[in-house]
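Below you'll find the structure, written out as structure tokens, and then a few comments.
As written, the chain order gives the labels A, B, C and D, with residue 1 at the start of each chain.
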Amino acid sequence: MLVDGVIGYKTHTGSKINQAACDLAKEVADEGGCLIAGGISQTPTYLSGKGKEAVQAEFRKQIQIFVANNVDFLLAEYYEHVEEVEWAIEVLKETGKPVAANMCIGPEGDMHGVSAGECAVRMAKAGADIVGINCHFDPFVCLEGMKKMKAALDKADLHPYLMVQPLAYMTPDAGKQGFIDLPEFPFALEPRVCSRWEIMKFAREAYEIGIRYIGGCCGFEPYHIRAISEELSKERGGFMPEGCQKHDMWGQGLRLHTKPWVRARARREYWENMKPASGRPFCPSCSKPDNWGVTAGDDMLKQKTEATTDEEIKQLAAK
Amino acid sequence: MLVDGVIGYKTHTGSKINQAACDLAKEVADEGGCLIAGGISQTPTYLSGKGKEAVQAEFRKQIQIFVANNVDFLLAEYYEHVEEVEWAIEVLKETGKPVAANMCIGPEGDMHGVSAGECAVRMAKAGADIVGINCHFDPFVCLEGMKKMKAALDKADLHPYLMVQPLAYMTPDAGKQGFIDLPEFPFALEPRVCSRWEIMKFAREAYEIGIRYIGGCCGFEPYHIRAISEELSKERGGFMPEGCQKHDMWGQGLRLHTKPWVRARARREYWENMKPASGRPFCPSCSKPDNWGVTAGDDMLKQKTEATTDEEIKQLAAK
Amino acid sequence: MLVDGVIGYKTHTGSKINQAACDLAKEVADEGGCLIAGGISQTPTYLSGKGKEAVQAEFRKQIQIFVANNVDFLLAEYYEHVEEVEWAIEVLKETGKPVAANMCIGPEGDMHGVSAGECAVRMAKAGADIVGINCHFDPFVCLEGMKKMKAALDKADLHPYLMVQPLAYMTPDAGKQGFIDLPEFPFALEPRVCSRWEIMKFAREAYEIGIRYIGGCCGFEPYHIRAISEELSKERGGFMPEGCQKHDMWGQGLRLHTKPWVRARARREYWENMKPASGRPFCPSCSKPDNWGVTAGDDMLKQKTEATTDEEIKQLAAK
Amino acid sequence: MLVDGVIGYKTHTGSKINQAACDLAKEVADEGGCLIAGGISQTPTYLSGKGKEAVQAEFRKQIQIFVANNVDFLLAEYYEHVEEVEWAIEVLKETGKPVAANMCIGPEGDMHGVSAGECAVRMAKAGADIVGINCHFDPFVCLEGMKKMKAALDKADLHPYLMVQPLAYMTPDAGKQGFIDLPEFPFALEPRVCSRWEIMKFAREAYEIGIRYIGGCCGFEPYHIRAISEELSKERGGFMPEGCQKHDMWGQGLRLHTKPWVRARARREYWENMKPASGRPFCPSCSKPDNWGVTAGDDMLKQKTEATTDEEIKQLAAK
């Protein structure tokens, strides 16, 4: 369900598709002793301003399949407005399952001007057992937001578990609204992809902040998740998953390379201090995000049932 | 076999591994009506200066399995010295199969100072039916090399087919020796990965130069290969492989996106003119390649049977 | 006097030097019908924590020469702490002269955590007739700070004149403390120097915010000041100073260039849309400022009478 | 006279202007015991294809004033075609004065395809006592060209003195034709200005190559020339010109700075390793030069007597 929200395409919610997804998830989870989450995300219904009752009705319909399949916990994620995620948490809590809730916001808070700290407090008060941030920003921008959430939660004497699932794309320039607005989204994001070393640094910093549910969103590849595992192996009692058997950490496999100057890279401090070049001398380092200044309630965001026409694309492009 | 050369690790050449590889290749090729190539690449034996007889003996041993499996054609690729690829072509020609030959060089030519044009002429004269460049440089640097090869071949009235299989990494800064020497090799190359639009541009330019075997080497993902297919669909009689059914070209799928400023990107000229930022404001755009000035014949490059020790790594790092 | 504060060297305040400065200023001002300001700036005395009485005594001593020379107005500028500039304004007001007051802060406010808006309100309440920002940040970062000042002043129903004198160096990466902390300060700032087009853009935006005292600080060259004049000529009744006679605006002089592609640059839209490259492919676009987290009151900042020794430099460099 | 060539404006050659220039030069030279050169540069006459006789006639006319003023030596500089500088050298030699000759070329050679090495040999054979490169490229690109000149001269057993006067702008991206073609020329070159440390590095490398006439062209400020003097003081018997008395080398003056992290920069290795950021995150590091592919003989380059019209600018801009 998450993917629908992230990519923004039409939703195919036939119960057959959802059942197939649950079956697949169960099969994979059983291989590794993992938990299964059923996830919902922000709705065009909310963006179109149809109100609490309509939005919650949609959430209730979506989670039937999760309840029928007895998933381990429920997840409300990729919300840009704290009001909508509160409505989602209320619905998820009706099931009696543990509830995790994430917003796709950065340190500047939600699209209606609510601060990141206040968002965390409201998610916790609405009943979320785990609160945090997912998508829209890079690992380090997300951690800036998480620090604000943690501080506000501590101040309010609220102590939910913390969770973070950032992009694997660098987005220091993504403004308040996140990477959707960057001109490179979604088909030229390659130069922004994080290295495994950047992800290890992220995992360490997340752990030190007190976050215990550390994952990834768009752009994460299996080797990025493996990097989290490796960085925090000691904290997990030395546990290393199967994927870690395929390689040596910190470039140790390079000891066998034919070129001596590549063998010289088989050491931790080399990769820890790496500032990778983009190899693109005619490109800038940062981009200016689109910033059309519209959010939930704006007519432009009302859900459309038809694909945009050529003429409309031309008009949009001219803005 | 290629991978052994590219990554530089110890070679596991047991006949069982090679037979399994042939079986897998045949299975996949049969699905799509493809040809199978058996490939060999440059040898530590050559770098260690053991001479023609020893090197050719090794090639002969390697190709037995290809002959036994009756592959469609043979490929000698990833050679840094034209002398060695000539020796390889001689051995491959003994089989009577069509022979393709690639060097991993750029416009500046091979490691012994032979120009790119002269390399092409010598590969053709040695008997290669297809000649070109693979690996080590980005698509556009490789095409610079291919133009020099084409010009020299034309001048010598030699007309082999042309072939190119570049990296999917941008490497304008890779010097004469290629991306191995870039400090980011091999574990921080992410910001250099080509977008699909860059690959489409490459495919078009390669075709216009007269190259008819257009592929990719390290860094290519399936969507990059698909981009080649899509760009040249018209030239192939409108043929579009299965992988192209999963998406709309030139970002047309974005017409359904919820944000109007993202819908505005559903057009060719948007992506064609994209100069993607790296999102890394504290990083440079280019890197200085290691340039230790050693090549075949140098003692440092003699094959070692043991992995580099900690002490040796420390000494190498101090260079 | 300003320069002492900006560069941070020992102050030579002998009355002869000050008298000579007044004489020079008067001579130049008379040439163009200009006003003369007498300026003071932040003191090591304040940074060393010696208290209001000691600091104001120093200010009183400094301004004697301005009063004796009957300057047109007084200027307190380059203050990092609003408390100190309030003390300065009090002293300057004792003279009965018009008083301008600037802080060298950005949008994040002063070094003790007072917001930019609150700083402006406190300067106005302390009696400054003109308030604003000078030095430490680039034109566009300074304008961000000025917008916050303007908003807070409007809200407090205070209406002093507004003033801005930014650096001519681009400093989007200068953090809260300004360009002193950038690693390039002060001897490698060249790539950050603004073009005349950037200064024209700044002048226009400053005017539109309502600022009527628009100038420049470190890095400004005569052609930068001329650019302000030219941009705002219409607003000043068409007045163009002598310096504008030496060239044609918007590159019109290029119409006579021998190369046709340079003649093609003789037009406003070319220069208005210029994004100049640094020509430094191995350098980053931004730097990480030093951020030692010390401000007035910290022992490290107490005034020293001796130059730093080699040993001390070594210790500082190791931090 | 040089400036006319560099900037490309109409030439004002009235003998009064030239006499005034000689008077000024003599006055300044006498202050410091310097030599005076009379310089000529490339002509629109050559670019317009009017032939040797017409071009040499123009040179003869230009140098009358130098002869009348008995300058110390003659300089032919800023030539893009070796043929034209040969004609210039012939004329200058007629005076019996020592003759220096520079071309504004890089390592790729002149605009008619003559290599840098061949250009040097031809200038020496034409009679130049000093040969080298000036303008068009940055210090390090010029030195690449000088190395090629030196190698070719050595091979031809020719031993003129060597001379280099690069830009003070970084131009790794200037292609074959030089900085005129960069989109930033001439009004947005600021981010390319060299630091004093870059100039010191240049001076050292130039000296080591064997160049003994080391200076600067467009973009050089007095502090850049001073940096050359300081770097090579030891080689000149410890001589330091007056301008060096105003500051301490290698940032030693920073020992008195109030901020300890700035005092930490008072050391040679800090500035020697500086990679200055441009502070322009939305700008590229390099630019694509205009490359219209026209040179002497092309109709587009024929001298025009009238300034380009608005309509012509529009047509040029549309190219």
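Simple rule for what comes next: a residue touches a chain if its C-beta (ideal position, glycine included) is under 8 Å from a C-beta of that chain, and two chains touch if they have at least 3 such contacts.
Just so we're on the same page, UniProt names per chain: A, B, C, D = Betaine--homocysteine S-methyltransferase 1-like isoform X3.
Computed from a predicted model, the values in this text were never measured in an experiment.
The interface of A-B is repeated, with over half of its contact pairs matching by residue number, by C-D among A-D, C-D or A-C. The interface holding more C-beta pairs in contact, when C-D is weighed against B-C, is C-D.
Chain geometry summary: the mean Cα position of chain B and that of chain D are 42 Å apart. Chain C and chain D have Cα centroids separated by 35 Å. Separation between the centroids of chain B and chain C, computed from CA atoms only, is 55 Å. Those residues of chain D in touch with two or more other chains are numbered 173, 275, 277, 281-287.
By the touch criterion given at the top, residues 275, 277, 281-282, 284-286 of chain C touch chain A in their complex. Those residues of chain A that touch chain B in the shared complex are 7-10, 44, 47, 138, 169-173, 180-197, 251, 253-267, 270-271, 274-287, 290, 292, 294, 300-301, 303, 307-308, 312-313, 316-317, 319.
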